[in-house]
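To keep things clear, I will list the structure first and then write my remarks on it.
Lettered A, B, C and D in written order, each chain numbered from 1.
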Amino acid sequence: MNWDAWLPLFIILISLLVALAIFPLAEEKVKTRISLNLGGALLKLVLVGFMLWGVYNGHHYETRLPFLPGLDLVLRADALSMLFVVLSTGLWFLTTVYAVGYLEDSPHRSRFFGFFSLCVTATIGVALAGNLITFLLFYELLTLATYPLIVHRGTEASRKAGRTYLIYTIGGGALLLIGTIWLYSLSGTLEFTTRGFLSAVDRSHHPALVIIFVLLIAGLGVKAALIPLHGWLPQSMVAPAPVSALLHAVAVVKAGAFGIIRVVYDVFGIEFSASLGVTLPLAIVAASTIIYGSLRALFQDDLKRRLAFSTVSQVSYIVLGIAIVGPLATIGGLVHLVHQGVMKITLFFCAGNLAETLGIHKVSEMSGVGKRMPWTMVAFTIGTLGMIGAPPLAGFISKWYLGMGALEAGQGWVVFVLAGSSLLNAGYFLPILYAAWFKEPVGNWPAERSFGHYETSLALLLPPLVTALLAVLLGLFASAPFSPYSWSQFITTLEYAP
Amino acid sequence: MNEILTTLLLLAVPLLPLLLVFPALRSRLPKAQFVSLLPAVIVVVTPVTFSAEFSWLLFGSALELNGFNRLLLAISIIVWVIALLRVSTEAATNNHMMTFLLLVMAGNFGAIVAADLLLFFSFTTLMGYAFYALLVTSDNTIRTVARVYLWLMIVADLLLFEVLLLLAVNNTNLNFASANTTMALSPLLDLSLWLVLLGFMLKAGIWPFHFWLSSAFRCVKPVWTILLAVVPVSVALLGLLRWLPLGEISSPVNGAIVQVIGVSTLLYTLISMLKMTGKNNKWPEHGIIFFMTGLFFTGLGTGLANAATWSIYEAWAYYYVAASGLVVLLVTLSIRIQLRQDKPVVQTLQSRDSTQNLEHFVVMLVTRVSKTGFYTLPGWRAWWLDMAKHFWSATCCWQSALDTSESKLSRWPVVITLFLLLGIVTVYFSCSC
Amino acid sequence: MVILLPIVAALSCFLWPGRSIWIGLINTFTIVLSVAGLSLQVVEQGAGRYAVGGWEAPLGIALVSDGLSLLMLMVTAVVGLAISVYSSCYFNQDKARHFWPLWMLLWAALNALFLSADIFNIYVTLELMGLAAVALVALAGGKNSLGAAMRYLLVSLLGSLFYLLGVVLLYHSFGTVDMSLLAQRLESSPAVWAAMGLMTSGLLLKTALFPLHFWLPPAHGNAPAPVSALLSALVVKASFYILLRLWLEVFPVASFEAGQLLGLLGAAAVLWGGVLALRQTRLKLMIAYSTVMQIGYLFLAFPLASIAGWKAAVYLLLSHALAKTAMFMAAGNILLYEGHDRIAELDRVAQRLPMTLGAFALAGVSLMGLPPSGGFIGKWLLLEAAIRSGQWWWGIVLIAGGLLTGAYVFKVIGFAFTQSNLPHESRAVPIGMEWAALFMAMLAIGLGFIAPWILSIMDTGSPFGVATR
Amino acid sequence: MSAVFVYSLVGIGLFNLGLYALIIYPHLLRKILAVNIMGSGVFLVLVALAGRTASGVPDPVPHAMVITGIVVAVSATALALVLMLRVSAATGQPELPEEK
């Protein structure tokens, strides 16, 4: 039992310790650093797997540390948090492998990997946070940990990007703080509880609650890149590819989306927020974000920027799934949390490979790249088709449930949003594929590096392939036990149980 | 024959080609493309009704091989054998092409043996994308056509997707029988009916969506004409048979409309054929396809109009689809042999080609939109930034004012007067209690 | 004991200037130990009261140690420890000869001030502290720092004279200078009002609350790094401490409007200091202005002088003391390393002085009040108090202040990340200085995790038990 | 109009005089003197108020205070003078730089 009480803390501490161990490491101690990283990641994977099994069998993992009078730091592993924990742990492992390959013989690696692990620490903390204040704590930590990663390159552009990022995120954090404290003063507790703890609050406070909801969602929407708060995301593309992969697929954006999930389900409670009438506006914001993001993505020539805007639109699927009140939509949103992560990280890995191996940064330079780097482009293709929502890939599952949820909740317009978005996705992804596979390469690549036998170094090649495979399997074997889909069903039964 | 073996065989029908798609595997086997046909052949020849449930697949799917689609499978096997024979020389050199061929094959077989809408849908999608790729790789003259085909297919998939959603909301079990009943009973019957019809009309190139097919026929090599005939078209027809709740509803109006479409397809075919024979005495083989589909639609209309009639010749519909595939195959072959040439009939598209018109329209649209995308939105953004800059400069001068006042604040007289004032005010306030 | 040790140290430093460093260090450790002992005693037995030489009030000098003063002693000890270590590396021999005795004197004054129970005693210690501080500022030499020191001296004399006048009036009307006795005997009368006005304004001047902060930036900006750390961390806080005691213990009669007035000045200080810090181009000046700003935070406690209010203020005070020490130390390192502290040219610091920059960043986090840090706890408590008491506007000030802080802290950090191609000669930084800075910064962060303990200490001997409204 | 009152009034007067001087004169020596005058004003008040006991015997505590205060004031003045000299040596004129 004691073990149960400390497991969440361990899981967080692992990567924290890794970070602290890496910081003082000298640049040239490559082997030590790599082994530290991967060792930590693996150990964490094992523990998380153990915990997953435990949670599935109704175990109760909770760590409580006194923090403030009346407020504890709570780390709890419930079904929802496990979804995110597993995602981030798994992808962290892959990203670490990738980053090792990506950053070899580039300066300041100790600093990079240190903050990298710190970032994951924060993400896991966000996932495991058992009340709003703990969440806030790790959320801000995440902001701080990602900043050095964004400015890592140390160029003027990256400094600007970092500044934008901070302006957005710290502002958002402030809003979140206000909302949290206000909430605390109204309700006297901040514990995440299934189906919310606010429905008991006196009716006279309901207007205040609406304002609080807006504050919280605005604070979280910054990271989740809801319009009009998405401005930092495309700019932060100057960061190295693993970082963008992490930002987009795992850590930052997802932390925002996850936070919104928490707020809607475990703070306000879905029924209660519906009764407050705040879900429909949220859904509308999400929908417009989806469309707007796709539209902007359509007109980016820089590959990573295009991906960034597609993230803007894709992450809002999650929010949309939450904002449509209904179990099926919830499944869609939750499952997209994982699926989008897997697919998007694939895409970013591939983009990174292109940049690293051939020096390709623009879509217009990509013609014929499929012949040069077939495997990378296969992974890329799978990722894009998944994003478009072609069956039976992962993206299809989430889209399927979003659509069904919308119909079930009697909000047919969402279906049209989805359809339009998939058309747009096709519009900005398929030309890339076409150019990559069917056009003839023009001249030679901007900056080609040869990696001997393989099309690029294995550390760069394997992660995208693995994630691409995942993207297929997650869709194909959706109904298998422990698949994100069945897991989100499990969660949904909890959230909507009568 | 025991359960596992049948399941495996059935799975192998689409899966083996799918596996052999990987060049690494393919290079190990001699004549991989024919090997990939094997399970299908075995399945066809063994006289058992195969069926397999996969609860873990998607949301629980099933494969099945019963009387009807066995025939289809047989036909398409023949078609594939011939096609592969004819392209074998080319395919040996062109690795991409073989890959896509196998993908298409997998999709085709899968769609045939699929026993529920979702699986069928997935396989047709796979087939569609792969077929697009196949067309593009095969030769470049067809690129525009292929692109049109791709877009039409995506739209069609979206339509079908919506139908699936509509059905699944009411009943998550999507195997054909129950799905049909669900659709028949659903309040949105007409909507879903027409979504299905539209979707498959796009896929099968029924008039008025025929243009991609006709222009494709004009400018591809005959091998692909065979595939064109059999793969998308017949699968689409099969889809219609599978998806529509035929024999369960009888809606005269819809039936009539469908019949009209069918008839008009026939008329169009006749006219165009006459025109073309007038121009150059060549027999345009895609006419056959339009003929077939037209007839099929007429029949379909009748079936839709009246459940009873349908139940009479339901079986024949499947035979018809199968036969159509066969006939088209034979005709094309015969023409080819008669012409003794293996080149596209028309190397370049004619000027007034509907595909080009559509393409032109699309291009116009895209340019218009992209104008918005490239200029308008960034324009707004720039405007915002300007506003921000103005604001910032304003604050800047404000800040310099701050600096001056700060230096003022550091002079003794100012400070001390402030200081005294403060003292007095404090005293005053404390008096007030 | 706590007071005598440093005095002895100071004298001995005078006597053997050569060995002053060692004497200083040894004494530092002994002082820290004795403070620890005292704190143990207090935590176990509650607040204690010692009459020096057996004379009780009103005649004798009495020392009181309750939770608040204990905390102040502790933070002084911790900061003192770090500063001693730091400056043992910082100063060269002849500077050290002057530094150590003064620093020990200052420390003695601080301890005495935090412990003393009557307002006249406080006056004396305040004066002593001021003089020592001025001397320390002048230590840097150079005309800027001398001018700053001069100005500082005049200001502190002025302030303490006002304070003294207030003391006189109080004694005149109640015949005692002992705080608790005063608190009992006090009733509202013109003399009291005048006294209150005089003392408050005097102390405000010494605390450099906006708009009376004019002396602080030059003084803190031009002093040697450890000295500026001392001034920002402790000296300014001392007078705030007195103010807190006076208002909450002696003058419970203080009215709501008066509280609002102080809060208003605090808010103004927060914004003003923040904006000006953002405008600064020199690192140390920036930090000095951020001190002005943080002092503003502290004064927000007066309108919210409920339990949570003053506790929050004290918490902010503690974390700011630690964080600001760390910051000035980091600034000192950078100054030493780069030879200048122009923010725009702080290139490559992230690469060359990772620990220093880390210290700076962590301290900045604490100042911003981002979790997890002492600053966050204080801010949280303050915000909570603000919203609970329905005075949400203070909350807005707090948040705005946090954003401003973030702005100027990250301005520095962002510059420190960029790579510059212009070469500059750089001197090595002693490892001890880097560690001291990092240590303090980590403490400032760690303060965020021991809140329950700290708060419980605040309650021991329940200061202001009566006064809290 | 008791003597005490007169004395304390004078004290207050001195205090204000000093304050005035402190504000007006830029010269440091004058400022220092001004502070001293203020100080003595305060002490005067203190001593004056010491006489306020029922029995004629004056209250000792204020005197103690005054002595302490004077000690402090002396030391402060000493320091101030030293500083002033250093300043004038450094800047050339015995004034604070920001005064002009």
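By our rule, contacts are C-beta pairs under 8 Å (C-beta built on N, C-alpha and C of every residue); 3 or more make two chains touch, one makes a residue touch a chain.
Every value quoted in this text rests on a predicted model; they were computed, and no experiment measured them.
Q: Trace the shortest sequence of touching chains from chain A to chain D and report its length in steps.
A: 2
Q: Please flag the chain sitting at the greatest distance from chain C, going by CA centroids.
A: Here the answer is chain B, farthest from chain C.
Q: Going by the touch criterion at the top, tell me which pair is linked by more C-beta contacts: B-D or A-B.
A: Of the two interfaces, B-D and A-B, more C-beta pairs touch across A-B.
Q: Roughly how far is chain B from chain D, going centre to centre by Cα mean, in whole Å?
A: Here chain B and chain D have centroids separated by 95 Å.
Q: Quick check: how many Å separate the C-alpha centres of chain C and chain D?
A: Those two chain centres are 27 Å apart.
Q: Counting in whole Å, what is the centre-to-centre distance of chain B and chain C, each centre being its mean C-alpha position?
A: Distance between chain centres: 71 Å.
Q: Spell out, as numbers or ranges, the residues of chain C touching 2 or more other chains.
A: Where chain C meets two or more other chains at a single residue, that happens at 158.
Q: Listing for chain B: what residues touch at least two other chains?
A: In chain B, the residues touching two or more other chains are 410-411, 416, 420.
Q: On chain D, where are the residues touching two or more other chains?
A: 19, 22, 96, 98
Q: So how do the chains connect up here, line, ring, star, complete, or something else (other)?
A: Drawn as a graph, the chains match no named shape, so other.
Q: Which chains are in touch, pair by pair?
A: Contact pairs between chains: A-B, A-C, B-C, B-D, C-D.
Q: Over in the complex, which chain C residues touch chain D? Could you list them?
A: Those residues of chain C that touch chain D are 58-59, 120, 123-124, 127-128, 130-131, 134-135, 138, 141-144, 146-147, 149-151, 153-154, 157-158, 161, 164-165, 168, 171-172, 175, 177.
Q: Which chain D residues qualify as touching chain C in the complex?
A: Checking each residue of chain D against chain C gives 15, 19, 22, 28, 31-32, 35, 38-39, 42, 45-46, 49, 52, 59-62, 65, 68-69, 72, 75-76, 79-80, 83-84, 86-87, 90-91, 96-98.
Q: Over in the complex, which chain A residues touch chain B? Could you list them?
A: Per the touch definition, chain A meets chain B at residues 295-296, 298-299, 385, 389-392, 396-397, 399-400, 403-404, 407-408, 415, 419, 422-423, 426, 430, 434, 437-438, 475-480.
Q: Can you check the complex and tell me which residues of chain B touch chain A?
A: Residue positions touching the partner: 55-60, 96, 118, 121-122, 125-126, 129, 133, 136-137, 143, 150, 154-155, 157-158, 161-162, 164-166, 168-169, 369-370, 373-374, 377.
Q: Sort out for me which residues of chain D touch chain B in the complex.
A: Against chain B, the touching part of chain D is residues 19, 22-24, 96, 98-99.
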